[in-house]
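Look at the two complexes coming up: chain A is in both, with chain B in one and chain C in the other.
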Partner chain A sequence: MTDNSTPPSSRHVIDRLGIVIFALAIAGLFCPFVLFRANRIVAGEARYVLDALPGWPGYFLLAVLGTGAVLALLRLDARLRLAVSFAALAILAVGLGWAVNSVTPEGDKISRTAPALGFWLELLAFGLLAADSVVRLGLKPLSRIALLVAVGLAIATILLSGIWSDLSVLREYANRADVFWREAATHITLALGSLVAAALVGLPLGIVIHPTRRLRAVVTGLLSAVQTIPSIALFGLLIAPLAWLAATVPAAAALGIAGIGAAPAMLALFLYALMPVVSNTLAGLDAVPSAANEAARGMGMTDAERLLQVQLPLAFPSILAAIRIVLVQNIGLATVAALIGGGGFGVFVFQGVGQTAMDLVLLGAVPTVALAFASAVLLDAAVELVSVKGRT
Partner chain B sequence: MKIKALSRLAVLILLGVFLARPDWFGWLFAPLTRNGQAAIYTQNSLLNLTLNHLAIVAAATLAGSIVAIGLAVLVTRPAGREFLPLSRTLANAGQTFPPVAVLALAVPVLGFGTAPTLLALFLYGLLPIFENALAGLASVSPDVQEAARGTGMTDGQRLLRVELPLALPTIIAGIRISAIISMGTATIGSTVAASTLGETIIAGLINSNLAFVAQGALVVGALAIIVNTSLFAIERHFSRYRQDQR
Partner chain C sequence: MIEIEHLSKFFDETCVVDDVSMTIPDGALAVIVGTSGSGKTTLLRMINRLVEPSSGRILIDGKDISAIPPHELRRQIGYAIQSHGLFPHRTVGQNIATVPHLLHWEATKVNARVDELLDLFQLDPAEFRDRYPSQLSGGQQQRVGVARALAAAPKLLLMDEPFGALDPIIRARAQEDLRQIQRRLGTTIVLVTHDMNEAIHLGDRIAVMDRAKLLQYDTPQEIVTRPATDFVGELLGSGERPFRLLSLQPLRPFIEQGEATGTAVSVDASLRDALEEALWSGRAAVPVRDGAGKTLGRVTLATAIRQAARPQ
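Let's turn to the complex of A and B:
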């Protein structure tokens, strides 16, 4: 490692990860900050920080990022490092907005200005610093949720303030705001709907097959086989039976079930979700200590009472962990639904890929990632909360 | 157990025959077509697509395994330990990225074709292998480490002869998960013009020819199950070996 050669005195001052962050942040200062295109199709022109922000705003931004990079290098208190990273990220966000505004000609509506390599490197550097500080702080679940909410509110404030309104991604959004929210609703319906269905089916299924070894082996074997089938293949395979169902059963067609569209997507997501729910229900029930079961029996509880009052509460953290896995997995997989006409954020991703329009890809990908990430943080915290409660 | 092995062999043979002579199965897919559409995809030979698909997945998984295991070893050594908590968090957070997004974002860097698919498979495939390698290396008990040190092994010997062999079943489980995810992502890779089995599915969806969709899906599904069970068998073999060694 690099600092093996440094004298021992400086080893206590310099942070090893800080070296990486410093290198990324400093390199970012020398890369183009934004990319300007006169319209959607032409090649972009790179603009450095000082080109995009002439005068003091540019120097101010460079000074803030440079200072942040140097501070990242030092071994400071984790709270201080977190504050440095958030301050740098906030100035970076505002600076991006300013740069885009000043690059965009007055009153122009067809040009597209997007963040370039320099911005992404700064984002990566200070994002890493923030993540590392949060990890080192070892925040409690509720503090993590509070931090998530605060970051969400900060991003919402920036979006609503209009600082970023000339940004290329937001111009794509402005052109199709209605469609965006409709697809967002579809995406969430697909992910959550299939999750609820899988929980309603998987939980009882797990409870029923739990005592019988044979049945467990068959069901989990079948479900894990489903799990290995690639998403687009499963979506595709379900088109045929659903098309047949819609053609032969008028009631099914009336319910909106069709070969192409949301129905096969929902069914496929449901099938993918079953496996984690069932296997974690089984694992949770397995982990119930036999002493607890004995005690419940000794108190004269019936099997049903024992299940509801002893086994399920004890298995709950494990079941909640399955909900976390399924939700994050479903939010990601729901993007593929767009390929079979099921809608969701994938619509923008695949449209963007088709038109080689990166901004459109980002319009679909960024909300998907944000949604998945927020659900992961939220449910991880929830799992930790219920597990702690169960232990006391 | 015998029945399982036999059915696995039957799937493999059936798949082989189908890939070699897809036209023999035309009657099977014909009911899915409408208005005299072709029943078998002939734009590209299914065998070529399958081999391409497997080659992309194998290359990405191999590269991913080498890099991920290397990184996991690095952050579990004293010199890299400072990076351990963050790298664990990053691997965890990275897996909330949908593979489709990784694929789509690789296009502007590398253009259309096989390259962005390879990059996306490699990057996304790293995470489960890295996570499992970390878990495997962490599961080696301090007693075993101490004993190895007591016999006079150097740090390098301890890594190669004690830690990695003990972590191997968990690492292979990570490689299996990674390969299965890659099988699926490679299928979606055909939306960015990689020549994989997704090509038949996409062609079927565009021309609303369910026969194309079904044959692509069946081949990919069968391949995924074969890859999964084979890697699972290897994993089981090594964990049994590990128990015998104790």
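Let's turn to the complex of A and C:
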């Protein structure tokens, strides 16, 4: 079957992942493109591409997506595949804006038009194609960051241009723009603040317990026990002790510590973050070659000099990997903080769930995912940059 | 001069070094040889206080080293280990500069020293200074490790199985280089090995250790001809002994006038080399030439055989 002498068969022309992308993209063409609702709570009416975009724009969009699906199926150069995916995604984004615009009655402010299954399938298909092409290109860390910035700028351009302004999520946004940015700031403060605290505590803790086997066992055991507590339970569990603390220690209350709100959320995120930081610090220090340690001592480095000049630099990639894990994990977990009044994007998610308003859920969920994704790309690139040095 | 006086080390209840006394004169290359677990490495590591003795003391140039803070002591003593221990995140130049930096040398002085050492170890500074250790061959890594140990021009260099990780050909060259560098710099070297060949080849003095005890501390000639215990004899390998003895004797005193033809041996070679040449080519005598190619005379097979016998 794998005889190389046979002329190129379909196996050599067809890309395996391309089959999945093709299937998704083609299926998407036959699904409703947008969902129109006369107001926030009534049931929606599905609109297909040609309903929403009558005439040549509809045919053009279908043609572009169909061609993209076929190209995805073929084994092409990764750069070409990346270009195809970006072109398809850009036209999909503009097409969505036009479709929503044309479906929404003139001057109407109550109706809600959201992307429907068809749009999401196309997004998934070409998003997959883009991600796969980036992986296959094997881009250098800095190029990946540049690509991330370019994609971010493209999305910002679309948002600022107003072509999506009739989109249901953005209508929800328009109604609460100031709240949105306040919660965004809270979300980032929660995620980054707990990360910084965990790094400030976890790094020295890891360094201190590293030489002592028993201490390591105790601390890592304790921290992994914390990790097993479901997030909602941990947020809830902290309410009582912090409420008690606020009630008994006036200074704590003055600092803003209370049973509900940002304090227990911050504390819970901090506790979750501690485990990865400590265990990666330990792993990083363990990975320092014993001969390097021995040589450092033998040449007359003091323990502090050895730590700063040999151990920490060699453990740094591992520690940075922990920062990446924690940041992505915290950005996701911070959503739950809203349950105990801690704020953040979770506010929209839980409001939306309460009101069965999916657009509101998306207003909380999409920025969270985007933030986590961007952090992952940035820190992955950073980890690679610091690891490459000295190992080429 | 290093004076080791009644030095003992216990780990828990186990005695690892048992009442060892020895003196290493300045400029000597002393080799501590023994099987694994004999206590040789612990003995070495007590000289730079990586291990603290349970009893006894060590004097360097008359000063008790227990009075010197360990890190300051170690900065005055070179230290090279088997797996070289180069810092993977630092370049060759930065690695070599480690101790000079700890001693706060000026940058220009450090750079000059790094280049000087790279030259000494036949590594082109321009080519190797900015490489990372992972970009070097095993032999080059080992040389950089020794260069790093010598960076601050220590009077004493401790080496723990420095050639253990090298293949035989590179090891022989590294041993030769070490010999020459030691002669040039006059550094006192204490080297630990399990390889009796290496000990006899390199050492001015050999200390044989077994089960925590120092069995014999003597010149290679004495060790080969008069092993103090059966164990020392075993370590030498009874079949090898005549050849080891010959390898310790330079040719020059045994040159005599007379006829000899065929391939000559160098005047710098040992009797063992002459014997090998004579046996292999089936000759009763081989000519001896100096470095300029001038024939100085001959060495006979009979002389070599006579000298291979145990001195009475």
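The definition used in the following text is that the second predicted complex is superposed on the first by the 382 of 392 C-alpha atoms of A that agree within 3 Å, B and C clash if a C-alpha of one lies under 4 Å from a C-alpha of the other, contacts with A are read in each partner's own complex, and residues count from 1 in each chain.
Following the convention adopted for this analysis, contacts are C-beta pairs under 8 Å (C-beta built on N, C-alpha and C of every residue); 3 or more make two chains touch, one makes a residue touch a chain.
Model, not experiment: these values are computed from the prediction.
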Practice task
Sticking to the clash and touch definitions up top, decide whether chain B and chain C on chain A clash or fit.
Solution key: fit
Handout entry: Which superposed partner A:225 touches (first chain B, second chain C, both, neither)
Key = first
Problem - When both partners are placed on the shared chain, which of chain B and chain C touches more of chain A - result: B
Exercise for the section: Consider the C-alpha centres of chain B and chain C from the C-alpha centre of chain A, and write down the angle between them to the nearest 10 degrees. Expected result: 80
Practice task
With the two complexes superposed on chain A, say which partner A:331 touches: chain B (first), chain C (second), both, or neither.
Solution key: first
Handout entry: Which superposed partner A:350 touches (first chain B, second chain C, both, neither)
Key = first
Practice task
Based on the superposed arrangement, let me know which partner A:239 touches: chain B (first), chain C (second), both, or neither?
Solution key: first
Practice task
Using the touch definition from the top, say if A:289 reaches chain B (first), chain C (second), both or neither.
Solution key: second
Exercise for the section: Check whether A:299 is in contact with chain B, with chain C, with both or with neither, and answer first, second, both or neither. Expected result: second
Completion exercise
In the overlay, chain B and chain C get no closer at Cα level (Å) than 25
Handout entry: Residue numbers on chain C that touch chain A, as the complex places them
Key = 48, 50, 70-76, 79, 81-90, 98-99, 102, 132-135, 145, 148-149, 158
Handout entry: Sites on chain B touched by chain A in the complex
Key = 32, 79-80, 82-83, 85-86, 89-90, 92-93, 95-101, 104-105, 107-108, 180, 183-185, 187-188, 191-192, 198, 201-202, 204-205, 208, 210, 213-214, 216-218, 220-221, 224-225, 227-228
Handout entry: Touching residues (chain side chain A, partner chain C) in the complex
Key = 289, 291-302, 305, 309-310, 313-314, 389-392
Completion exercise
The answer for chain A against chain B in the complex is residues 1, 4, 15-17, 128, 131-132, 134-136, 225, 227-234, 236-237, 239-240, 243, 259-260, 328, 331-333, 335-336, 339-340, 346, 349-350, 352-353, 356, 358, 361-362, 364-365, 368-369, 372-373, 375-376
